[in-house]
Structures are given as C-alpha cells and as structure tokens.
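Below is one structure, written out as structure tokens, with a few remarks after it.
Note that the chains take the letters A, B, C, D, E and F in the order they are written out, and that residue 1 is the start of every chain.
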Amino acid sequence: MEDFFIKSGDCGEQLEGVRYPDSVEPYYLSVGEEVSVFEQCHQRSLAVMLKGPTGCGKTRFVEHMAWRLKRPLVVISCHDDLSAADLVGRFLIHHNGTVWQDGPLTRAVRLGAICYLDEVVEARADAVVVIHPLTDYRRVLPIDKTGELIEAAPGFQLVVSYNPGYQHVSKDLKPSTRQRFVALDFDFPPPEREAEIIIHESGAERAVVHDLVGLAGRIRGLANRGLAEVPSPRLLVATARLIANGITPQLACYVGLVSPLTDDPGLTAAMRDLVDAIMVE
Amino acid sequence: MEDFFIKSGDCGEQLEGVRYPDSVEPYYLSVGEEVSVFEQCHQRSLAVMLKGPTGCGKTRFVEHMAWRLKRPLVVISCHDDLSAADLVGRFLIHHNGTVWQDGPLTRAVRLGAICYLDEVVEARADAVVVIHPLTDYRRVLPIDKTGELIEAAPGFQLVVSYNPGYQHVSKDLKPSTRQRFVALDFDFPPPEREAEIIIHESGAERAVVHDLVGLAGRIRGLANRGLAEVPSPRLLVATARLIANGITPQLACYVGLVSPLTDDPGLTAAMRDLVDAIMVE
Amino acid sequence: MEDFFIKSGDCGEQLEGVRYPDSVEPYYLSVGEEVSVFEQCHQRSLAVMLKGPTGCGKTRFVEHMAWRLKRPLVVISCHDDLSAADLVGRFLIHHNGTVWQDGPLTRAVRLGAICYLDEVVEARADAVVVIHPLTDYRRVLPIDKTGELIEAAPGFQLVVSYNPGYQHVSKDLKPSTRQRFVALDFDFPPPEREAEIIIHESGAERAVVHDLVGLAGRIRGLANRGLAEVPSPRLLVATARLIANGITPQLACYVGLVSPLTDDPGLTAAMRDLVDAIMVE
Amino acid sequence: MEDFFIKSGDCGEQLEGVRYPDSVEPYYLSVGEEVSVFEQCHQRSLAVMLKGPTGCGKTRFVEHMAWRLKRPLVVISCHDDLSAADLVGRFLIHHNGTVWQDGPLTRAVRLGAICYLDEVVEARADAVVVIHPLTDYRRVLPIDKTGELIEAAPGFQLVVSYNPGYQHVSKDLKPSTRQRFVALDFDFPPPEREAEIIIHESGAERAVVHDLVGLAGRIRGLANRGLAEVPSPRLLVATARLIANGITPQLACYVGLVSPLTDDPGLTAAMRDLVDAIMVE
Amino acid sequence: MEDFFIKSGDCGEQLEGVRYPDSVEPYYLSVGEEVSVFEQCHQRSLAVMLKGPTGCGKTRFVEHMAWRLKRPLVVISCHDDLSAADLVGRFLIHHNGTVWQDGPLTRAVRLGAICYLDEVVEARADAVVVIHPLTDYRRVLPIDKTGELIEAAPGFQLVVSYNPGYQHVSKDLKPSTRQRFVALDFDFPPPEREAEIIIHESGAERAVVHDLVGLAGRIRGLANRGLAEVPSPRLLVATARLIANGITPQLACYVGLVSPLTDDPGLTAAMRDLVDAIMVE
Amino acid sequence: MEDFFIKSGDCGEQLEGVRYPDSVEPYYLSVGEEVSVFEQCHQRSLAVMLKGPTGCGKTRFVEHMAWRLKRPLVVISCHDDLSAADLVGRFLIHHNGTVWQDGPLTRAVRLGAICYLDEVVEARADAVVVIHPLTDYRRVLPIDKTGELIEAAPGFQLVVSYNPGYQHVSKDLKPSTRQRFVALDFDFPPPEREAEIIIHESGAERAVVHDLVGLAGRIRGLANRGLAEVPSPRLLVATARLIANGITPQLACYVGLVSPLTDDPGLTAAMRDLVDAIMVE
C-alpha cells in the first residue's frame, strides 16, 4: 500500500513534488460524514481544517479524498522555520541572472491541486498569513516579490491539519485564521475498526491484535496520570508488525508502545505491568 | 462575484499585482456614512484606518471604494515578518549587475493607487514607519537604498485595517502612527442586513438563513464566557453554502460554526446545544 | 503648501533623496526663541535635538530652518531595524564587481546638508553610535567598510527628534549620546495660534475651528485618565479638512479625533460626549 | 579497531561522507535482544530510537548493525543550529549558475543507507520535522527548495539517539515525533561485561580494571548527590589507557575520571577519597 | 583646532581611515601622571584601558599621545552590532572573485598604529575576544577566515575606553579581558582647569565661564537625586559657545545644559532654578 | 621570548595560521605531573581539557607541549559567535564558482597538529558538537557541507581550556562533551615560583617582585569580599614591567593591579590601602 500514488521520478511529464491520483483506491475507513462534507466543501471552494490527535489518519484521509476527487495533491509539513518564501517561492541565482522558482503552494495554486499544510500551527506567522487571500472569495495568491497576483485554478483547495492537544500559549492559530476554515473533527477509531486497520496494515493475527487494542485502551486511560500523549493507531501498527515478524508480543509492546511514549520510570513500570497482564502469549 | 476585478495575467499591458476597477460594481451594502466619509478623505488626501472585527467586510469595502473612485487597488496582507523592503522594493541580482525592483507600496505610490495594508499592526516596525512620510503633508516615499524620494501620484491613498480586539501588549500601533489616520469603525451588520448578505453569497433558503443569523446572535452572546472571537459573517456564509449544497443544517453548523471557533469541550457542548435547539430541520 | 520643496525627479542635476530650498518660505509660526538658537547652533556646528510630542511641528520646523539657512535637507525616519549600514551606505554587487553606494547620512556629510533623524531613539544601537564622531570637535564620519574617513563639509549639521513621552525602559538614548546635543523643547502651540495654523492648513471656518480647539483642550485634559496620547495639531487639521469638505462637525470629530485616539469603550464614550456638547452645529 | 570501516578518500568510487561495511566485524557485545529487534525493524521499515546515557555504546551499536545488515551508514551529529537545509541539501553558486547539492540525509535516502541522527533532540525544529514523511508509510523525502519528492531506496532506515537524562523544558521531542519510532533502551553494561570491554579497548591489566569498575560503581552511586552525569564506559577506557601507559592508577583516576566529571570542590574531594581507598597500587 | 590631524582625502599616499600625526600639538591639559604611564606602557607593549565618564577627554588624550609618540592612530567607535568581521576584515565579491579587505584593526596591526576602541564594552563578544592574542606576549592577530596569523608591527598598541558608570548587568567586560590592560582613571578636571579648557574651546568670557563651572558643580551634586549622568565638560563647551554667540546665558543653559540632561519635570525645574540663581546677567 | 615560534609570513612553504615548533624551548615551569600525563594522552590519542583560572599559563603550557612533542600548533580563541563553519570551513565565491576553504580545525586535522580551543565553553553549540567525532575512537571530522569525512592525521590532538569560575547557568559544557576529555587542573603557581616567573618576564628587581607577590596574596584573599576575579600572574608581570621601566611601585600597582580588577570604590580603597602598606619604596 506504500505506493498507491505515483511519485516524482516515475513520470517525466508531471510536475515534481506533486502526487497524482493512482488507479488503486487508498485504504481509508470512513467513520462518519467526513467524506461527504469534504466533497461539498471542495465543490463550494471552502478551505478545510482537520482537527485531531497524532496518528489518527488525517494525512491518509486527505490522500483518500484527493484520489476520490481526482485532484493532484501537494503535502507540506509545517515547522518553526517555515516561512512565506518556503511556500510561495524564491529567486534563484542562475548564470544569466535570477530566476523565479515557484514554491509548493504556488505550484498547487497554478495546478488546481489540493494543498495540505500538515500541522499548520507550527509555521511562521508570515507563512500562515500568506494563505488568507486564498481562503476567502478572492481565491488569489499575491506574490510580493514578483508583483504577480495568481488566481487559483479551478479545483484548488486548501486543507490544514491541527492538533488541539498541542495549543502552546505562544503558538495558536489566530481567530482571524481559524474563521477561514470548515473544521472536521477526527479521533481514534472505535476498537473493532481500529483492530481491522491494524490487521490490514501489519498482517498480524486477529487474536493478538485484539489484545493489543485492549491494551491501548487501558494505556489511553493513563492520559490524566501524566502521559503526554496516548498511543496512536500508528504505534499499534508498528508493534503489530514486530509481532507478525516473530518478536514476542511482550517485547514488541515494550519497544513499540511503552518506551516511545515516556521516559518516566513510574509510568514505564505501570505500562509494563499492563503489558505483562494483557499480552500473555 | 469572485471575478469582478481584472487579475494579473488577463491583460498584458497592466502592472502585475495591481487590480483595476471592473465594469461590474462589487457587492457592498453600506451601513452608515462610511462611503461619503471615505470619499472626502480621498479628496483631501487623508489616510484612512478601518477598525473592526474579523470578517465584517473591511476588505470588501475597500474594493468597493476603489471601484467607486475608479482607482487601481494594491492589497498587502501584513504579518510578523513584513519588512520595509517587502513594501518598498529591493535589489535583485541580474546577469549584468543589480536591478532595483519596486515593492507593492512603491508601485501604488507611482501609480496613484489605493494601497490597502490589511492588519497593519502585524507588520514589523520598519514597515510601519515607512508609511509615515506618505501620511502627512509631504506625501513622499523616501527609498533609502536608492536615495530616491518619490512624490505620490495624484489619487494615491493609504488605507489600513486594524482589529481592536487583537491588541497584544507587545503589538500595538504607536500613537504617533495612529494620529496619521481618519478612523472608520466597522461592526457586524444588523440581523436583517446580515441575512440579506448571506442569502446573496450562499444561495441558501431565507428560512434557514434566518435561523442561522439567530443562532449567530446567541453564540455572539457567549463572548464573555471564554470564546476568543465570535462568529463572523464569513463563517455564516460558509455554513450556509454547505446547507445550500445539501448538508443538514445541524451538521453544517457543527463543522462550519462550532468547530472552527473553539477547541474547548465545554464551549463546544454549549454551542452544540444551541445548534440543536435552533437549527431544527 | 505641500510642494514648497523641490523633489527628486524635478531636477536631473541634483542628488536624489535630498531636498533643496525652494523660493517659497515654508509656513512656520515661531513660538519662542527656537529660530535664533538654531541659527547660532548652526553657526557653531552644534548638533540639535528637538524634544516634543507627536505632530507638534518638529519636522516642519527643520524644513523651515533649512529654507532659512539655504541648506539642502536630508530626512531619515528612524525605526527598529535602521542600522548603521542604512545610514552610511553599503556595497552593491554590479556586473563588474561590488560598488560602494553612499547612504543618506553620508550624502548629507559630503554635501554639507542638514541631516534630520526623525525619532532617533527608535534606531538600532549601531546607527546611533555612528553619529558620535560627527557631533564632537572631530566632525568626521568613519566608514569602516571602506576604510574612508570623511570630514563633514561646511554647513553640515545633525538634527534629531525625540519624544520624551515614549521612553521605553528598553529604549532610551544613552546619556553619552544625549550630551552631544543642544536640546530645544517643543509643545503644542497656544490655542489662538493653533487655531490660526488649522485655518491655514484646512480652509475651515474660523468659528468651527474655534470650537475644535476648545474640544482639543478638553480632550487633552483626559490624558491622566488613560489616553495614551492626546490629539496633536495634525489630527485637528485632518478633522477640520473633513468639515471644510462638508462632513458634519460631529461626524468629522468622531472619525477624525475620537476613533484614532483610542479603542477603549469608556474613553470613546467620554470623548463622544464632549464632541456632542461642544460641536453643536 | 579504529579503522574497521573504510573511510572516504580510501576508495574513489564511493560517495563521500558515507561509510561502507568492512570485512571485519565491529566489536560489539550484545546485552539483550537489541540485535534481533533492530533486524526486524529494518525488515519492516520501522524507524528506531536508541535511548540511553552518554557513552554507553549507542553509536557503536549502529555501526555494528550496519555491518551486520550490509548497509552503508551515514552519521549526523545534531546540534542547536542544525537546520533542515543541513540535512536535505542546498544550492551552491557555481560559475554557470546554482547547483543543488544533496545533504547527508538526502544521500542516505537515495542510497538506501542507514541514517543515524545522533542526539536528535538537539536539532532545530525544521530539521526534526523533515524526517516525518520518512518515518511513516510514505517513506518519502520532499525537498521544498527543488520541488522534488524522493522515494527512499530499499534498505533506507532512520535511526536516532536520545538521552532521557537531558530533557530540558525547552527541548524535548514532540510526542508526534516520538510516536514514529520503535524505542530500544540502552544502559551501562553489567560490571563483568564492562570490565571485558575496558580490557579489550585499553590493554590494561585485568586486576586494575576490576578495581576501576568497582570505583565506577561507587561514583555512580553519587548521582543523587549532585553529580550531573555519572562516568560512562568511555571515561573508564580513557583512564585505563593512561594506566596501561604507565601513569599511576591514582593519578590516572584523578585526571581521567574525577576532574572531567565535576568542578565542585566537595564532589571532587568525595571522589578523590573513593579513588584513594580503592585504587591502591 | 578641529583639523590638527590630517584626514583621508588630503594625502593620496596614506592609508584611508588612519590619521597621521600633525605638526601642531593637539591641545591637552595633563592632570596627573597619565602621560608618563602611557609612554612606559607603549614602550613595554602593554595595552591600556582609559576609565572615566562621558566627555571628560579620553579621546582627546589618545590623540595627544599618538601625536607625542609619533604613531598613526585608528579610532573605532564600538556598538552593539560591532562584530569581529568589522574589526578584522571581510571578503568582498569582485568581478574576478572574492578579495580580502582588511578591517581597521588589521590595518592598525600591520601599520604599527595605536588602535583606539571607544566604549569597548558595547562591542559584541566575538569582537572583544579577537583582541585577546594582541594583548599578551603573543602580539598576533589570527584571521580565521583567511588562515593568516599576523604579527603586530613594532609600535602597535591597543587602547580601549570604558565608562564604569554604564555597567549593565548584561554587558560588562569579562575579567579575563580586563586583566589584559593597564588601567588609567579619568575624571572631570578640577574647576580652574575646566574653566581654562572651556575658555579655550568656546571663546566665551572668563566671568560667565566661571559662573558656568560653578553651575556645573551644583548640578553634579544632583547625581544622587535621579540624574542619569552629570554634565560633562563637552556640554559646558557647547553652552559657552552659544553664550559667546550672543544667546543669553540663561537660555543657553536651558537648551545647552538642562534639556539635554533629563526629561523629568522635577529635575528640570530644580536645574532651571539653579540656572536662574547663578547665571544672572 | 615573544618570538620563539615561527609565525606565518616567515616561511612561504608552511600553511598559514599554523605555528611550527622552533629550536628554542618555550619557557615553562612545570608544577606537577602535567607534562607526563599530557605526553601519555598524546600517545594514546586522548583529548585533553586544561581547567584553571585566567592568566595562569594554560596557553603557554600548550605551546610548550607542542614544542616538546614537535607538533605544529593551531590556536583558536572561542567566543559567543564562533560557529561550526568558523572551525570547519566554508565555501568562498570565486570568479569561476565556489571554492571550499578549510577552517583552522580542518587544517589541524589534515596536518596532524595539536588544535587548542581556548575557552571552549564560549563557543556556539554547533561548534562544540563538531569536535565530538574527533574525540572518540572514530577520530574523524565529517564536513556536512561537502560530504567529506576526514580521518585525523597521526599526531592530531584536541586540547581545550576551561575556566571553572565562569560557569554561567546558560553556558556550560554538556556532560556528554566533558566526558570526552582527560582533565588537567591548573592553578596559580606557589609564591616562590610565581616570583621566579615574574622576574624572568619583566626584568624587575627581586625585592620589589617579592613585595608584589606578597601583595597579590593579600588581594587574592579579598575574593570572597566581592572581587569578581583575583589578580593573575599576567597582571603581576605587567605591573612589574612598569616598575622596571621606572614607574614608582605604588603608581604601578594602582594602574596595573587595582584599577583593572574593579570599579567598586570600596574595593578600590581597600586594595589601595594594601598597596600603600606593602609597596613602600
């Protein structure tokens, strides 16, 4: 499943850094009305914010929707140092002067792609503001450095993700930015569905996956005892892969679940006790 | 209505990044004397500050006035990293040496355009100071890097927007800057007028829009209970578009109104209760 | 009166960014001995600091003195990011190597101009220190980057402005800088003189200007009730221009005086009450 | 043992900065299941985090695994100023324009190497985020500056090290980063094994190494009395080498163990007392 | 007296930015043994630190000593942004590649000049450290960027000034820097000598200068009442020049002494009272 | 004694910035086992840290050891802005593209020199981390910017100095860095030996040097009364040189010992009293 999207290098004709929908549907298990709401937002040119915890499938959902809507997809991981220039583009010095090079956002705007800003709250202020005129009735991207004003091609849609659990005091989306999005709430899937996903992704046995999901439920109950973040489905998939490869369930849970989650000796001991109690072979 | 202004690319002769007035009047519903005051300011070369909350129509008003006064319009979204050079211009390296390139403010000054600095308080100090000599009797733009002193062309007018609700301690306009503007106060339109705008922009039914405006009034009443910002007309338009596209009013309000406004579980529950009570189908 | 100084572009022969005295005397109403003290400072090569609140005519005074002394004038608006290089000059990359370009201060030093640093306290530390050797018996400008040591041409004089009301803890002139200037105190003009200035600049009727000056006096009395800065003559001129253009005095005062001064609802109400009481038509 | 890996310069054909597995097995004494877990992670393309104190053999373990798995190895020491560009690459100016140069991470991705980020928590936020898409099912490295999207070659695996004792408040891995790794815990080896390692690396006598390990145990017991970090096996090897070279055990322990660990006079005295008591000749 | 040193531009053969001793002795009134101590330091290659308040003649003393010792003089005003590169030099881009350009310190080292760093404590840490190897027995300047190690020419001597009254918590010379200098203490001259200097520099009458020095003594007595810095001889000279030019002594003291020293209304009133009492015509 | 090392410029064949051992032994009086421990560290490729106060001879010791071991020596003064690029090298732009230029550390690594980082704790984090792979069994210097991995030439040894009295909270060596060094403790020499050094370096009379060392002992006793740092041998040598040149011992101690050490009036008076009591002629 790792390769359901064509990647750059495979096809000389396509723009680099942009993924085009493949013939195979990306695996995604819908848990509510998110698919139909997203489709209507796309039709009415409304920007979308995906709210939810780490590893609950937001990126996968965007890839699924890009496939379903037959739109190219541009993914940008935001971080502390992501500036407007990183999104919009910059001048490069060539031997015959400077040449403008589009950034990934500009490529998406010209192409009519879905542009996904992952963890948008991490980006710098200038990067966040640059998306404003793309998210209201104007649908334009002004490029100050060249004086160009690009009208978004039909099909362009802005999607951002946002983890409400990470609201730092110093880092939050401004209300004037938030009000530019329709917001879809994501959460961990219910147990049976989570088990189904894990089996699909890891190839582990149903019985041990059942235990694993039960264990995850117990560990998630420790959230109010100091655990910074509860285990995501992604972590359970990694653990299940190790088990499927022959590592004992107990050891797999130690290295795949417990140790990545905390350095605290007390929490480690409590989680190891849960593992020992539940993951008996 | 998205295209009442000609955009760059459509007309080779015009300057890039500048919008020229179109033959179609941009939709704007006046709520007071703002149009006539703005016209007199334009005639007496007075700079104007638009004060008011997010999404209440300040940008639309400027576009309307540019159309009415038959002036080109330059829009600049301000942010933390916007520097004087971003406004005024910079040297680019070409194969035969450096070439000066005007920034958007300089283009507006030479052209006699209306220059709109959106959320001016976000810009860096050097960017704010650069507008000072343009806002008093001098009407000049000194470009330190080239030693040029540009006299503003007739018709040039500076307009800034400012959201009083955002006054950070560390970020406020200096009094010596504020005193350079005539200030127009904007607020949300009264209910009937807001409904009219939403119907015009979304194509939703009058009855459901009436409910939506009533709901917005109730949610705006929660401002003193911790809501960082109340829902703007922009948010109501987005919600009404989803309803017009067949999403149920309840779900449309959840994703279009409630979730964008807050991450707080208590506030979310309170707002969802209001939605359930008011948006019955 | 906006054009009593020749601006760049009008005369190909002159240096750009420098204003040369015009044949028309710039309007300035002297309120004390500031003209004669400035003339003696000019004759004895003493630098001058103009102390006083926003919009009380310091810039106009410098322009008047430049006209009176028949010296070219270079005006530099200082800000947070103004560095020594912005004042002194920098190397530009040309197709045949780097070329030194004088900054505005260097141009003034070579030319024997009056160099006016507006709001000098805002500039960066390196920019402030660069003026030290120009303000004592040495009268030289060392340019570290080129190794040049420029002796100021006869007639060169440094003038800075400074608003004592703005003393931030983190931003103040060092005593070793202050002691390099003769300081002239400026304040708002007395009522009759202020009225005269407003009539001259706005073309409004004497009666309504009289009311306006009375209103300003009352608002200035609110300074100790939380108003960050009291209305300057500049603000009164803007308001009077709107009245002269047919806006009602009440509305003109709302948008021209009250709203630019504060966002505080209580202060706004108090000032509007004063407007309603005094500016009856 | 210093040269069991071929280094750049020795073989013109190979990429610079990348080590290729040598025919001699690097010395590594396994203390648990770390080798087999690492092998399964490698097979299932799971990223690995090595958790443990300074100098306990994490780097050596990665070199051992690269040898065992027959994969090239790229080692990157992280620090405060390590940026995404340092990992991914940058444009260099050549006489015929700019040329892109891959960074060490990009080289590893193209080559299918094991890429080891030592002390990953020290790197800048943008550097940490850049590894995200390489650690989930996507296994891609997007290069924003060129618009390229590189799919990791088979065999590529990301390994990071992390010292839980160093958690600064301001510097910790984000939970969304931690959940991308399977975590292996490392600690100091048990005494007999530690002695074996020291003898192998220093050539010192078994008896004095036995005393040295005993001394280390006692000093490690001082951790809760203010010692910032307890002596690592690396420090014991250095001390043993001095002894093997003829420095007296007492003096060797003073300069090789006590003085590097603290500047505190009280702790120094306490440790010297332990040395005097245990390291009798 | 302003031109007792030949300045750049006057003599094509000499290095720019360096002053060569003139035939006229610069005016300097010795107040202690500073001249002979400085001479012995020069002979034994010891660096010298001049400690004392603003405007008490430190710069003039250095110029006097350069004249007396027949050494060229390089003066560098230090500030917050002064970096090692500003002192040592940098690469400039020329049309045929980069060319190294010596900074002022490097010029002084090669030339055997006296190099005077005014207000050294203001410079950046890297700039301060760069002088270390020049101030001990090594007398070398390593230039990291070129790999050059320059031995100071005979006659080179480093002199720094330092105002003990300015010790910020965050800005002080490191003890390891201080211990590299012999320190000479400077203070205001005694009254008769100060009067003599003022008469020499201003051309004012002896009687009024006598009053002025008396006034200065009284104002200096206010130091413990909140005055950030007491009036320097430089300020008295400026005031005396205005008086010599015909400004009344009272007004001259208001603008030349009181207003430059403080913005505090209470201190201003107290000083004006002293002026009114002492400077009767 | 200033020139016992050949400096760059003297010998065209040698690398610039590197000192080669001279035929004359540099003066160094050993006070313990530091010479033999250093020799064994050199033989076993162990990095060495010299711990001790300002001016106690650490730099001289390194020069002595380089002479004794017949190794070239590279000295680097660390400071706040010293970055990895300053140590390792950078690309310079030449007329035919960019050319890599080795930094001083890289030169030392290729040459097999002793590389001495003076006050290493002052350097930036990236500069400190860059030395890690040179201080363990790897002995390699990876150059990220070129992708080169340089194996240290035989004889290369890293030496750092560190003043424990300067431990700022915000600036300390990380334990993971400290554990990479064998540490040698330095202190002021005992009185007779200190006198011997001073006589050798200053040429002053034995009697007055005896008094001077006695005075230093008394002043060092004031350390716990607020003196930031006690007088180093370097300061005593400077003072003794002034005395040898004919300055009276009292005045020499005022300017050479007391004034460089403090600005505090109380401490100054206390030290002057000690001078007056001890340094009677």
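Simple rule for what comes next: contacts are C-beta pairs under 8 Å (C-beta built on N, C-alpha and C of every residue); 3 or more make two chains touch, one makes a residue touch a chain.
A quick note: this is a predicted structure, and the numbers were derived from the prediction, not measured.
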Intersection of the contact lists for chain A and chain C: B
Fitting chain B to chain C on CA atoms, where both chains share a sequence, rotation angle to nearest 5 degrees: 60
Whole-Å separation of chain centres (CA-atom averages), chain C against chain F: 53
Inter-centroid spacing, chain D versus chain C (mean Cα positions, whole Å): 61
Rounded Å distance, chain C centre to chain E centre (Cα mean): 30
Residue numbers of chain E (touch at least two other chains): 93-96
Arrangement of touching chains [line / ring / star / complete / other]: ring
Round-the-ring chain order [start: chain D; next: chain F]: D, F, E, C, B, A
Touching residues on chain E, where the partner in the complex is chain C: 1-3, 7-9, 15-19, 54-55, 59, 75-82, 86, 92-96, 101-104, 107, 118-119, 122, 163, 166, 201, 228-229, 231-232, 234-235, 238, 241-242, 245-247, 251, 255-256, 259-261, 263
Chain E contact footprint on chain C (complex, rising order): 33, 36-37, 40-41, 43-44, 46, 49, 51, 83-84, 91, 93, 95-98, 124-126, 128-130, 132-133, 136-140, 142-144, 146-151, 164, 167, 174-176, 178-185
